Amino acid sequence: MEEHIKIQNVSKYFGENKAIDNINITINKGEFFTLLGPSGCGKTTLLRTLAGFYQQDEGDVHFGDTLINDVPAHKRNIGMVFQNYAIFPHLTVGENIAYGLKARKVNKEEIKVRSKEALDMVELTHLQDRQPSQLSGGQQQRVALARAIVIHPGLLLMDEPLSNLDAKLRVKMREDIKQLQKSLNITTIYVTHDQEEALAVSDRIAVMKDGKVQQVGRPHEIYLSPSNKFVANFIGSTNFMEGTLSGVDGDNNATVTVEGVKFATKLLNRVEGKVLYSVRPEQVKLKPVEETGDTLLEGEVVDATFLGESVVYKIKFHSGNVISSHEHSIRYNMLRNTGDKVKVDLNPEEAVIFNESGEEVLNEHKNISK
Amino acid sequence: MEEHIKIQNVSKYFGENKAIDNINITINKGEFFTLLGPSGCGKTTLLRTLAGFYQQDEGDVHFGDTLINDVPAHKRNIGMVFQNYAIFPHLTVGENIAYGLKARKVNKEEIKVRSKEALDMVELTHLQDRQPSQLSGGQQQRVALARAIVIHPGLLLMDEPLSNLDAKLRVKMREDIKQLQKSLNITTIYVTHDQEEALAVSDRIAVMKDGKVQQVGRPHEIYLSPSNKFVANFIGSTNFMEGTLSGVDGDNNATVTVEGVKFATKLLNRVEGKVLYSVRPEQVKLKPVEETGDTLLEGEVVDATFLGESVVYKIKFHSGNVISSHEHSIRYNMLRNTGDKVKVDLNPEEAVIFNESGEEVLNEHKNISK
Amino acid sequence: MSTRTLASRRNPFRQFDFWNYVTIAAFILIAFFLIYPLFNIFLNSFWQDGKVSLENYQEFFSYKYYYSALLNSIIVSTAATFFACLLGIPVAYVMSRFNIPFKGFFHILIILTLLSPPFIGAYSWILMLGNNGFITNFFRDFGIDMPSIYGLHGMIWVFTLQFYPHIYLYVSGALKTIDVSLEEASASLGVSGFQRIRKVTLPLIFPTVSTGALMVFMASFADFGTPMLIGQGEKVLPILAYEQFISEMGSNPAMASTLSMILLAVTTTVLFVQRYVVTKKTYTMSALRPPKIIKLAGTKRVFATLFVTAVVALSIIPQATVITTSFLKTNGPVFAGGFSLDSYREVLYKVPQAITNTFMYASIAIVIMVFAGLLLSYVVVRRKSKITSLLDALIMIPYVIPGTVLGISLIIAFNKPPIELTGTWVILVIAYVIRKLPYTMRSSTAILHQIDKSVEEASISLGVPPMRTFFKTTAILMIPGVLSGAILSWVTTINELSSTIVLYYGATRTITVSIYSEVFTSNFGTAAALASILSLTTIISLIIINIISGKKDVTI
Amino acid sequence: SDEEEGSGGDSDTLTVYSPHQNEIINPIIKEFQDRTGIKVDVVTGGTGELLNRVTAEADNPGGDVFWGGGAESLEAFADSFEPYKTAEDEAIPADFKSPTNVWTGFSALPMVIMYNQDMVSDADAPKSWGDLLDPKWTGKIAYTDPSKSGSSYTQLATMLTAYNGDGSEGWDFVKDFVANLDGTILSSSSMVPKGVADGEFPVGLTLEEAAYRYIAGGAAVGVHYPEEGTSAVPDGVALIKGAKNDANAKEFIDFLVSKDVQEMIVEDFSRRSIRSDVNPPEGLVASDEIPLVDYDFEWSATSKDEIMEKFQEILISQ
């Protein structure tokens, strides 16, 4: 696959503050690449560095074979959607969108056609002649999106482009973006705080924290095989439970004890001692209290939140520890109630075992190789 | 329950354009009330009207017994989180938050304590002395939130207060907001585009479209018993399938035929003819292709999207129609593949049957009365 | 900040773009048309009896006569600045936020206040409040002794009323670009009315307010017409400098230069302090939600209108005096009682050419100024560095050098080959641009501070190079703010006298020159007639500007 | 006379720098143009501004003739002018022309005490320099800073001359006079007659001609010629050094002092002629009735720096 963007050892300071810290990422041509991370972790900063609005303090950025450290922003052939929209307040919606095409001296006829296409895509055709000040927040955001996409840039940078849209429209738009991106083979770097969105649209995802990349991988790799506790916890939610490893044999088979229950597991190295056992709420299976089994734990429902598609239960064990479990809300009147007793299957096959500090994965879990 | 906010026949025009159209809503003291609707449907406009920044063109707004149509904004004792944050750029984070308290002549000691509390809640204590221009988008949004909450207003208006935060923080913040709101018994009106968020935190939700209220109800009412096609489709996703009603008897029992399969159903009125059969993807159950049953349909997986917690399948019937089904992604290597044949249970007990135009619900479904 | 240093370490030429050329061009032009002509002055101040010395400075600080003038200047300018803010800000606020009737009319009157013809402005205050003034006598009849207008307080009074339009214009411009959601946020937190203005609105427009204040300070610090008339014993620095330069009895170039240098030192210091404070207190806002006019009802509206009317009426007194005077029957320097059009009849023959000249030169100058203001303010604000700060300071110099002095330096510099400009209109335009650019420049920088940079970045990211991006986005967004300064430049250029008087020749005579020659020969009737014609044509020009700029939200 | 000394001169034009008022400039220039066919450009402005302009333009003079401004001022800028002895030299007494021919007088201008008749009766008004020391005028005398104005310097020099014999060469008197000014010192000489006429000041020191313009206009003002004697230093006309239209300039100077023009200024503008063969204007006191000190023009010119320095000292020490 052709390499398009190569980010090597890039750092950027604000005063003392290292906003991004020694970033190394390679992005392929046509790839849909997402930056994911908590607020303030440096996503915008990295994006702006790629766009050429910040100059990195260390490191190099290549576009293809070209070192672009010193290429000014307007020559980088990028489309950018800004987190704060940055709509031209003095131009109408239509003029905002045609702006980049005019700059490229695209002929009038084509400007019309392509603007129309972009407007249709963001469902703003009827507002074409409005002034930006007369738009709602989401409408403004869509103008920003259309404006960046319409120029069919070589690299599309999007900073939370859908944050102000409703779920419905967001899903539609992200599918449209994805489709356009694929059909035009535009390399795309996408910043979002919405992990579901990231998982749905990305070819690969980089999870960031405090300016550093934590893990880069395909969506299911990140979700199912997080490389540390932070990633496991940030993408989706995870139950972390204290456990103990013991009885490692020559083949690295061992026993992990969690909440007094023992599971067999296969380790990557010979280790023993305290560990973090992590299992996602949707992998925690709730069974009728009547069921029995070696690996089943008894618990009590202490909270239930209805989220539409699913229900989140908080289950308290006899130890006093509480974990979450997600169940599809097939029937509302079949919901469990607070106080109900249940049996819990901690699903050791899907669990990831970290060392005590959460920095390292200890067990093998092959379930991601599909 | 004590009525707090009473919105009666309120409309607001922008020129020819009716941004909100004859809104009638009553909100109780201490209630957490959410406005949900697509971009541009009038949520911000309604909120701003309540805040006193727009003057409605028609209708009345009461706070308690007081008609507040003509009360200026600063006398309404509201806290407001603006969609574009509206942080004071000339004040530090700490000063922004203390602003409203100072105006209320709260003593210095208490300002300190309460500011600290609010800062802790939004996890910005360490940035207390920063200038807003040095904050990331999400950090700014959190300042806006803290600033509104810290004054413990009588009415809290929040316009997409969490749109720029990551999922993790968003969940934490919405829980904090909810908790604070309950403990202080602050009536809260919340605008969000995130239906999951709406469902999770709201006591009641108003779904809006084109300036009009479509349905007001508790989260599960809205989700499970949408009053029209728009609501059904907007909150969560829904499969709509064409169906036919026939054989209505005296007790309003009838048969609905969907994709050639007949289900029994109980209607509210005696009607027959074409209908819309709607069932949510998570209610569509997929079975091994080997299973048989009168109400099972055969289909083929044509697409599978991994969303972390769950997987979305598109299933194509022999008729060529496609529906979605959500399944919890318990094991990634157990995922169905494109091309797999499956049996589909359309789960008629959970289905909502609309008339052909989607405006009216035809069947009884009691599953919401828990 | 580290961005800059580190980036330049990597590649010093990375930033070498259009704006660097602008900077270089600006320096060359300034060197040529400002530094070079004024060089002698600077040199002279250190030159005594053929050798370098600080004697003049010593003398300055050892004689009360000199340093008390400096003190007076500072007192007068500071006080005038303070009071001008006190008048200008509320008027601007009321005018731009509330539904005041006759807004356009008031607006024109306020601008007209700036058009105080040479000496006539202060003179009309003498007519009102002098020892034998109209108002003084009125109160004396009731046994109330009014303090005389003469002295420092009189200067403060006249400067305040003459210069508050600076504040008014700058602040009005800024109030248009403020993001109202900030004010709304304040209201939602329970702070409104005056408190909100004090705690949110004012701090947000602080850069602009302080710029307006700077201009008032500079204007009062550099003016010598008013102190000359009503200063009497109380000398201020510009009078000393002016007198030293333009004495009928032969000048003392060394002392004159020293005075100019001290004048410059003070104003440059003030400028830098202002800049320093402003850079720390500058906030960008997206003007996506611009403010709307608030409809006041009943007594509030009456009250607001009365307030504006009172201020405007007070400040327009000099103009009113001038216009009335122009219709009085005069006999040489004496008013003979009764009305007539004689004054007009007398001046009419010289008016057409003078009007054409005035407006032609001013038009050329204003185009150059707006253009230069846009470009230079960008360099100064967005490419902030020591070099561009220096540029900014240099541009302000002409503002504080008496125009006559500048005119004379220009003559000396461009009076011989290779560049012979004396006697041409070009030298007038050069003088105008140099002298009046600071207004446009200041308002441009002020507005630019408020404009969100990401709009520009958006344009650049769409492939539009920085220069074109500037003209297509930022420049357009700047226009309302720039115009507020440009109007000042325009009106004061039309009104420019002190440099014109030494640079014009018969064919390049302007209206103000004509007025002046009437004034100093005490023909106040004809002077007033000319001044009235000047006011009228200025009003017409402002209306035309308004029509041309049409929808661009510029209230003249 | 010699033609075209300056480079590129056009022999039928002339540029005149003049601080005179238009009432005088316009008819005289018109007359000159009619007679000679020379096209005249007039640049007006304040005396100080125009004089400094002449200096600044020294390398490439824009003007040819400087017409107006007190003799003291012209003398102060002697370096900028070309000596020229007019064709009418014999008719002009030595008092009214420069000893070095740098300037030639245009009209004689006695210094007067001007007073406002509404504020002070003719009888109470000061009639002598000495009367100005009366405490009732403390702070009420309109007097211009002599370092700024030629006419004001002349007044100073006249006072010194009048009290020359008091043992301090007049400086004791000046000291008392300055004390009685009480800090009120004006910055422009034109403000004196204006201020008195408007009642801002009851009395002031000014030129007879300036005061008479107000009297002629109908203002309630009067003048006294100081009893100790006054001076009648003229305003003048001078040829600018390096003038491009040098010949025309000379022609113009000759024209100004010619008998008919001098008669014209007496009749039309009530100015005193500098020619011995032209009578003073009607309604003005006859020249020989004005008490005159023995004003030594050469002394006043050469001692200017010294006199000004002393005056400054007195002023500063107040």
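As written, the chain order gives the labels A, B, C and D, with residue 1 at the start of each chain.
Quick note on the criterion: contacts are C-beta pairs under 8 Å (C-beta built on N, C-alpha and C of every residue); 3 or more make two chains touch, one makes a residue touch a chain.
Bear in mind that the values here come from a model prediction, so they are computed numbers and not experimental data.
Shared contact partners of chain B and chain D, listed by label: C. Rounded to a whole number, the gap between the C-alpha centres of chain A and chain B is 22 angstrom. For the pair chain B and chain C, the distance between mean C-alpha positions equals 56 Å.
Distance between chain centres (mean CA atoms), chain A to chain D: 91 Å.
In chain A, the residues that reach two or more other chains under the touch definition are 14, 84.
Annotation for chain C: residues 286, 288-289 touch two or more other chains.
Annotation, chain-chain contacts: A-B, A-C, B-C, C-D (touch as defined at the top).
Residues of chain C that touch chain A in their complex: 1-3, 6-7, 10-11, 13-14, 17, 286-290, 452, 454-455, 457-466, 468-469, 472-473, 476-477. Those residues of chain C lying in contact with chain B across their complex are 179, 181-182, 184-193, 195-196, 199-200, 203-204, 206, 281, 283-286, 288-289. The touching residues of chain A, counted against chain B in their complex, run 14, 36-40, 44, 83-84, 134-139, 141-142, 159-160, 163-171, 193-196, 199-200, 219-220, 223-224, 233-237, 280-283, 285, 305-310, 326-333, 335, 347, 349-350, 366-370.
On the side of chain D, the complex with chain C involves touching residues 15, 19-23, 41-49, 51-53, 56-57, 59-60, 62, 69-70, 72-73, 76-77, 145-150, 153, 182-188, 190-191, 193-194, 197-201, 210, 213-214, 216-219, 304, 308, 312, 315-316. Interface residues of chain B facing chain C in the complex, by the touch rule stated above, are 51-53, 72-75, 77-80, 82, 84, 86-91, 99-100, 103-104, 133, 144, 147-148, 151, 157.
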